[in-house]
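The data blocks that follow each hold one structure.
Next come two complexes built around subunit A: one with subunit B, the other with subunit C.
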Partner chain A sequence: MPPVNPHRHQILSAYKYLLYLGRDYPHSKGYPWFREKCYNAFARNRAETDVGKIEEGLKRAEYVIKEIEALYYLKKYRTIKKAYESV
Partner chain B sequence: MFRPTLLRAGRLLATKVAPVAPLRAAVRVSAPVVSKPFAVSAIRFYSADAGALSKMEVESRVLDLLKGFDKVADSSKLNGTAHFANDLGLDSLDTVEIVMAIEEEFNIEIPDKDADSIHSVDQAVNYVLAQPDAH
Partner chain C sequence: MTALRILVPVKRVIDYAVKPRVNATQTAVETSGVKMSMNPFDELSIEESVRLREKHKSRVADILCLSAGPPKAQDVLRTAMAMGADRSILVELGEKDELEPLAVAKLLKEVVQKEDRNLVVLGKQSIDDDASQTGQMLAGLLGWGQATCASKVELVGEKGVRVTREVDGGEEVLEGELPMVITTDLRLNEPRYASLPNIMKAKKKPLEKKKLADFGVDGTNRLKTIKVTEPPPRQGGGKVDSVDGLIAKLKELGAI
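Presenting the complex of A and B:
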């Protein structure tokens, strides 16, 4: 077992939340595509030990989460707008 | 509370329907009023035990779930005691996904702290069995 990473919980919960968000990701290949990308993004930094870099990565994860949330808001807004315009 | 409401509804219905078909309306309306209070079997106990899950059932459902998971490297090693990392070649990120799938399968919520302690099939099975609201 590698030494316990103090950020482990944060990282795993960010991953979990991203996966939840990815279920409705508007992409032709859908959720499996998103999962693959998300997994690779996390796995790429698997060996990272520098605390500063890890925190940077967490900030990036948070940024991506916010981006996806914003994307969904926008998608919802556009859908509703379209629905009202067609009336 | 319920009986007066029924009675009132019945009276209302009777006055409305009466001019058209007095006899049939009367019969129909009087039925619920005369009928006995609810039979015992009709009472639902919402907090009753929904039937505890058996260990075998939980294990087979967890294994089915893992069988459908495309990252399991060697499905021949799938058994009741398989370790996610050592036997199935899964890492901590995959374990998160498995925990998510288990949450959905059994309709429970597994807090991060507990999710971190699940490393093998039997640990997952025991955790689910310990949850009273798993089904």
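Presenting the complex of A and C:
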């Protein structure tokens, strides 16, 4: 049995949240595209055992989450601005 | 110091990213099978209430959200609570029922009195009907001061509120005393994203279900929609290859 990853919970919740965010991702191929990208990004580091690198990866996930949230905010802001303040 | 008891009304509307379509019978905009979400201007008012609490920890007693709509409007209230509201009331309407601004204002007036509110923060308009009337009507019915289209909200002194509004060529600053009605403009703040863990936590926050009759409000509409049609498609422009061509074209159209 492999040793239990102490970051397991954090990693899973980051993954789940990314998938949740991805449902609205503006891409022509839609959610399946996002899910595959996201899955591959996590799967690539599946074998990682170095604690430092895992924490780095978590920070990266955190960063991507923040970026996507900001992207959604801007997209909404710009659409509304265009619709209501185009004068 | 007067404690703030805030009411934030929210509306469930067609998502901002969806292009609305007129239904087959030309009586309304198609809403079935269309993605719905919270009116973006209402997100701003929740965010502002939550920010007021973060800035003045002891002053905000509670933030109450209210929505009047079909049972599914619950989702919008959950989102509101995930963003930081404490509790909510859902006034259940039928799937096809739509309240007019005056009826909403009357309903809000009753809620304000029943729940003892002293600050109402509304979106300046909803992105579906674009009436932009509810806040003003509510202030009129209550006899309270109103500050519409706020781009900045500050608390001053014991019970003062200072609101900045963007007007043509500058800013206008209004000062008033609680109780007050504020409506939000686009640049007031940047609403936070209702994160997954917060949505889960919001499921435990109290959500009360009510009927219009509980507040003694008559929801009959005074206006009748005769017909809804899409705007005519835009006619494409033509290209001219020289100044002479342009002049000839303008003459042809009788413009010069």
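By definition in this document, the second predicted complex is superposed on the first by the 84 of 87 C-alpha atoms of A that agree within 3 Å, B and C clash if a C-alpha of one lies under 4 Å from a C-alpha of the other, contacts with A are read in each partner's own complex, and residues count from 1 in each chain.
Quick note on the criterion: contacts are C-beta pairs under 8 Å (C-beta built on N, C-alpha and C of every residue); 3 or more make two chains touch, one makes a residue touch a chain.
Computed from a predicted structure; not experimentally measured.
*Asks:* Since both structures carry subunit A, what do subunit B and subunit C do when superposed there: clash or fit?
*Replies:* fit
*Asks:* Looking at the overlay, what does A:53 touch: subunit B (first), subunit C (second), both, or neither?
*Replies:* In the superposition, A:53 contacts neither subunit B nor subunit C.
*Asks:* Between subunit B and subunit C, which one contacts more residues of subunit A in the superposed model?
*Replies:* The larger set of subunit A residues in touch belongs to C.
*Asks:* Is A:29 touching anything from subunit B or subunit C once the two structures are fitted on A? First, second, both or neither.
*Replies:* neither
*Asks:* Mind working out whether A:16 is in touch with subunit B, subunit C, both or neither, as first, second, both or neither?
*Replies:* both
*Asks:* For A:44, is the partner it touches subunit B (first), subunit C (second), both, or none of the two (neither)?
*Replies:* neither
*Asks:* Quick check on the superposed pair: does A:8 touch subunit B, subunit C, both, or neither? Answer first, second, both or neither.
*Replies:* The answer is first: A:8 touches subunit B but not subunit C.
*Asks:* Working from the superposed arrangement, determine the closest approach of subunit B to subunit C, counting only CA atoms, in whole Å.
*Replies:* Checking C-alpha atoms only, subunit B sits 6 Å from subunit C at its nearest point.
*Asks:* For subunit A, what residues appear in both contact lists, the one with subunit B and the one with subunit C?
*Replies:* 13, 16, 20
*Asks:* Which of the residues in subunit A end up touching subunit C in this complex?
*Replies:* Going by the criterion above, the answer is residues 13, 16-17, 20-21, 26, 69, 72-73, 75-77, 79-81, 83-85.
*Asks:* Using the touch rule from the top, collect the residues of subunit B that touch subunit A in their complex.
*Replies:* The contact residues of subunit B facing subunit A are 91-93, 96-97, 99-100, 112-113, 115-116.
*Asks:* Touching subunit B in the complex: which residues of subunit A?
*Replies:* So the residues of subunit A touching subunit B come out as 8-9, 12-13, 15-16, 19-20, 35, 39, 42-43, 46.
*Asks:* Using the touch rule from the top, collect the residues of subunit C that touch subunit A in their complex.
*Replies:* 16-17, 40, 127, 186, 190-191, 193, 195-197
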